[in-house]
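The structures come next, written out as structure tokens.
Both of the next two complexes hold subunit A, though its partner changes from subunit B to subunit C.
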Partner chain A sequence: MLIAQATVNGLVVGLLYLFMAVGFTLVFGVMRMVNFAHGEFYMLGAFSAYVLTTGLHLPFLVSVVLTLVAAIVVGGLLEYLILKPLRKDELNGMIVTIGLAMVLQNGALLVFGPDPLSMPAVITGTTRIGSIVIPNSRVYVVVFAVIILALLYVFLRYSRSGRALRAVVESFQIASIQGIPARVFYPLGFGLGVGLAAVAGALMAPLFVVSAFNGTTPLLKAFIVVILGGLGSIPGAVVAGLALGLIESYAGLFFKSSTADMIIFLVVIVMLVLMPRGLLGKGDV
Partner chain B sequence: MSEMVKKMDRRAWGLKPSGLYAGLLLLLCLAAWPALMGPYVLHVAILVCLNILIVNGLSIIERAGQLSFGHSAFVAFGAYGSVLMSMHFGLSPMAGGVLALILAAIIALVLGGVILRLKGVYFVLVTFAFAELTRLALMDWADLTGGANGIAAIPAFELFGYAFDTRPRFYGLVLVAVAFSIILTYRIFRNPLGEAFRAVAENGALAESTGLSVYRLQLLAFIIGCMLAALGGVLMARYIGFVSPESFNLNVSVGLVTMLVIGGRGSLWGPAVGAIVLTTLPEVFRGALQTQHIFYGIALILILRFLPGGLAGVPGLLRGRQKVS
Partner chain C sequence: MVTRRISLTFGAALVVAAFTGLPAGASAQETLKIGAMVTLSGPGAAWGLAMKNGAQIAADEVNAKGGLEVAGKKYKVEIIAYDDKYQANEAVTVTNRLVHEDKVKYMIGPLGSAPAVAVLPITEKNKVITIMMAFTPKALGPDKPHSFRVCITTAEVSQPQIDWIVKSRNLKKVGGLFPNDESGQVIAKDLQKAYQHAGADLVAVELFERDRVDFVPLLTRMFAKGIDAIELDGNSPSTAGLIVKQARELGFTGTIARTGGPATADIVNVAGKEATEGMLVHTPLNPGLPSTKAYMDRYQATYKSPMNGFSPSFYDGANMLFEAMRRAGTVSDTDKVSHELENLKDFSGALGTLNWTGKQSYGIDHQLNIPFYVAEVVDGAEVIRATCSVDKCE
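Right after this comes the complex of A and B.
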């Protein structure tokens, strides 16, 4: 039964990792850019949900949607204004995102202060399935997350822009030959990528405390997931994200958490050396 | 690497010995100033020197075409290695330090041997993961390393019975180390070896076709760079008298890369400029830490956009010797 409980917890955390990693890998796929600022968008998403629900008293669902829209717009603008000259320049592009991360994190510190804020729970109580107990707040988050993922899936799979975006991820040149305008899809890809991070932050805000330092751990997890799944591979990020959540949850039953972390980083290094394309990734190394 | 950085490289290559000695002399004059300014300024100057040493190591690796985001791990190997060897085998700080450098070189050889097959961002990510693994291991292996509490009360550095236990004395020691690292970098890049590093960084396939081994050259650069980081670690532990895993977290590695980029990649004086600017500014603007980090971020973005050669490239730009092409 312990295993069943661990599975449920692992899936909830895995869902968070999945959100972070799909956005991260989308940005990498489109721009060949390792986005060190990705975690900061998670952090800003959490603050956005906090401000919108406690400050403006909007319903949680509306806050999440507004956060997503705002993040896509802001992300697209940042891409256009800051990252544009360094598209496809892997190393310098990456260093620019470090600069961006510094600005965003310390900006949030200036505005919100260093003390963690806690957001009131959206819903209380627990749900029982057999002997497994799940807090309702988590069920709520899982349902929202699945809805948003389904929307993303439909967008990427069936809509014209979504298919164009996937084509850009697959091969920029061939996509251009087919008449897909890159100047639109770079900002859109980046905006959508960081938008997913912001949604993850907004969804997790009621579960955890909200603080300007919150971006680091999700960023590290996104790194791990994306390396395991393959840089630039969206299915890889989905599978590896859920897998990492489950593995961490199971490992927590048997090891100290620091030992579990070490094992995971060791796996990441071995994986990068032996299979740099990840489990499901393709493309150049 | 952008076209302009390559140009900077060629400039550094063309730097005459007189340029090196003039620079060193200037640095020495600058270095004399903190010695007269009292203990606090001296303390900052020592931190600057340690950072120059470490960033010089990073710069050598970068000039061979790989960017390491795990440089802090090797600082940690130097710091922990020397202290632990002195503690457990009763070695002098000097002997412990030398053994720690050898240890760091062996780790760099084995690690680099495995990971240098990766290029670009994949190398960045694997070094990043390695640094985090190292930090976690230092934390986890508490019996040996003291875990999160670290190791305190480390005795001062000592050489043939002479203890570097005051700030002025230690400052002298660390200045010698910095001068050594600058002359070493200069010598490497004035020799065919440096030309080979550069060739490998600019176009690996072309370098291979002329008979150079990209793998071996990058491995050599990695070992030299990591040993400089370890040397910085050995001295840092002896100066501060305390080590803990948190002194080697990911922000430290990112900070070192920031110093290198802001100072200037591919130039002899870039690491020194970056270390001086980014170590002293936080001390000057002590109160407004967040504002200051925002400025770093903006500086990083602007420099990548407008000054790929970093701050060290500014005099060259002002003299108009190089055109941005």
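Right after this comes the complex of A and C.
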């Protein structure tokens, strides 16, 4: 029974990792660049949901959608205005994202202050299935997460722009030869990537706290997931995100939590030795 | 231009004074720098700000009266704050900066135990007086004549409170969640003994990294052991708030207790009023005491945010430090100042009448002895249920 409970917990956290990692890998796939500011968009997404729901009293679902749209626009603009000159210069681009992360974090600190804020739960109570107890707030978040993931899947799989974006992720040169314009897909890829991070932040805001320092841990987890799944591989990020959530949850169930934290890194090390390209990665890095 | 020239001359005079050791011109007001080496970012920031702001209010008050008067000279008190990020290595860096570059002789902090263990050798070697929060027993000792602690720690408060809570709520099995570092491990060990002594058992102990935000797996494991209470002493306010929120979300209806580390306002902020209802908390504050109430109101008016319960300790600590300087008649000879500080008796502070204790446990009377209370959280506010001394609560 405990195992069933741990599975449910693991899937919830896994979904968070999945969102972070898919966005992260999307940015990497398009721009060949590690976005160190990725975690800060998670943090901004959480603040956005907080302000929209508690300040403007919008429904949670509307806040999440608005956050996603705003993040895609802001992300696209940032790429166009700041990262554009560095498109062929990934190393300096990466350093710019570190600077961007600092600016965003300290900006949030200035505006919202250092005290953690709490967003009221979207829904209260628990759902019991046998002896498994799931807080309703988490069920709610899972449902939203699955809906957004389904939309993303449809977009990437069937829409023209989505297919073009995937082509750019697969191979930039070949996509260019086919006439896919970089000037559109760089901002779109970056915007969509950070948009997913912001959605993850908005979805998790009612479960955890909202604070300017929120972004660091999800960024670290996104790194781990992306390395496990294979850099630049979207299906890899999906599988590895859920797997990491489950591993953490099971490890937390059977071992002390400090041991559980070590086990995660052991898994990463073993994976890197045995499958240096990750679960589903195929390109070279 | 004129003001600039004046300030340049003034600055030059100060530099000359610093190099020659001569006092600056009698007409010029000197600055007394006090460092604040506390945590200003991350989950510990709520405490760090409480400490810094407490000292800042004390400094603002003496400055408003024209400065701190020591041996006929008036000093403007300036608080220089640095962030140690709750990390020992960062603490060493900023302490060195305070001691060697800013040349402070007095310091508010360290806050955490790990930073304390790392920086006390530096401050003691340079005879810098520290007004600390650090809960580790290693922070005080006869070999540390310049280190003072103005918060009452788990070691002092846990036993009487736990006796009272176990008896009044009839507890048998308790689970504890603590951060996995020096502070958390010391607290876990102390509480294990205290609960046993009170007739209950700390059956489940979970140590976790301080940046953790999801406690559902750990809580699930604890609930499986059939605990009837959760102990949250030693967790940062936001972490404690998250644990309360998630425990109640999972349907936990037992007692949640926090027998150390006042942070009720922050916890209610994070977890919400509903989740914190009925929680039992340690609090060093009795808002019924007029001096305490006055300080809380001043804090609220100055910083427009709820006050962390540790803040008055550092307001009182800073004021005691000022009084010791006045009595010693010097701001530079810290041996004399610390001698006067430890000899202060029945000091009337925001928290009540204050004295030093600790000889028995630490070999030196550098632990501030303050009254404390057990409160129940009702509709987001503390209602005092028992008044405690080191011997018992009633």
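To be clear about the criterion, the second predicted complex is superposed on the first by the 278 of 285 C-alpha atoms of A that agree within 3 Å, B and C clash if a C-alpha of one lies under 4 Å from a C-alpha of the other, contacts with A are read in each partner's own complex, and residues count from 1 in each chain.
Assume a contact is a pair of C-beta atoms (placed from the backbone, for glycine too) under 8 Å apart; a residue touches a chain by one contact, two chains touch by 3 or more.
Predicted model only: the values in this text are computed from it and were never measured.
Superposition of the two structures on subunit A leads subunit B and subunit C into a clash.
Within the superposed three-chain model, A:V273 lies in touch with subunit B and out of touch with subunit C [touch as defined at top]. In the overlay built on the shared chain, the residue A:I82 is in contact with subunit B alone; subunit C does not reach it.
When the shared chain is aligned, subunit C comes close enough to touch A:A121, but subunit B does not. With both structures placed on the common chain, the touch criterion links A:I227 to subunit B but leaves subunit C unconnected.
Look at A:V96: by the touch rule set out above, it reaches subunit B but stays clear of subunit C. When both complexes are overlaid on chain A, the residue A:S137 reaches subunit C alone and has no touch with subunit B. After overlaying the two complexes on the shared chain, residue contacts for A:L2 are found with subunit C alone; subunit B is out of touch. In the superposition on chain A, A:D261 makes contact with both subunit B and subunit C. On subunit A, the surface patch touched by subunit B in one complex and by subunit C in the other comprises residues 109, 216, 256, 258, 261. In the complex of the two chains, the subunit B residues touching subunit A come out as 2, 67, 114-115, 117-122, 124-126, 128-130, 132-133, 136-137, 139-140, 250, 254, 257-258, 261, 289-291, 293-294, 296-301, 304-305, 308. Interface residues of subunit A, counted against subunit B in their complex, comprise 32, 34, 36, 82, 85-86, 89-92, 94-96, 98-107, 109-110, 216, 220, 223-224, 227, 231, 256, 258-259, 261-262, 265-266, 268-269, 272-273, 276, 285. For subunit C in complex with subunit A, the touching residues are 40-43, 45-46, 49, 180, 206-209, 211-214, 216-218, 220-221, 224, 237-238, 241-242, 245-246, 249-251, 266, 269-272, 274, 305. Contact residues of subunit A toward subunit C in the complex are 2, 5-6, 9-10, 12-13, 109, 113-118, 120-121, 124, 126, 133, 135, 137-138, 207-209, 211, 213-214, 216-217, 248-249, 252-253, 256-258, 260-261.
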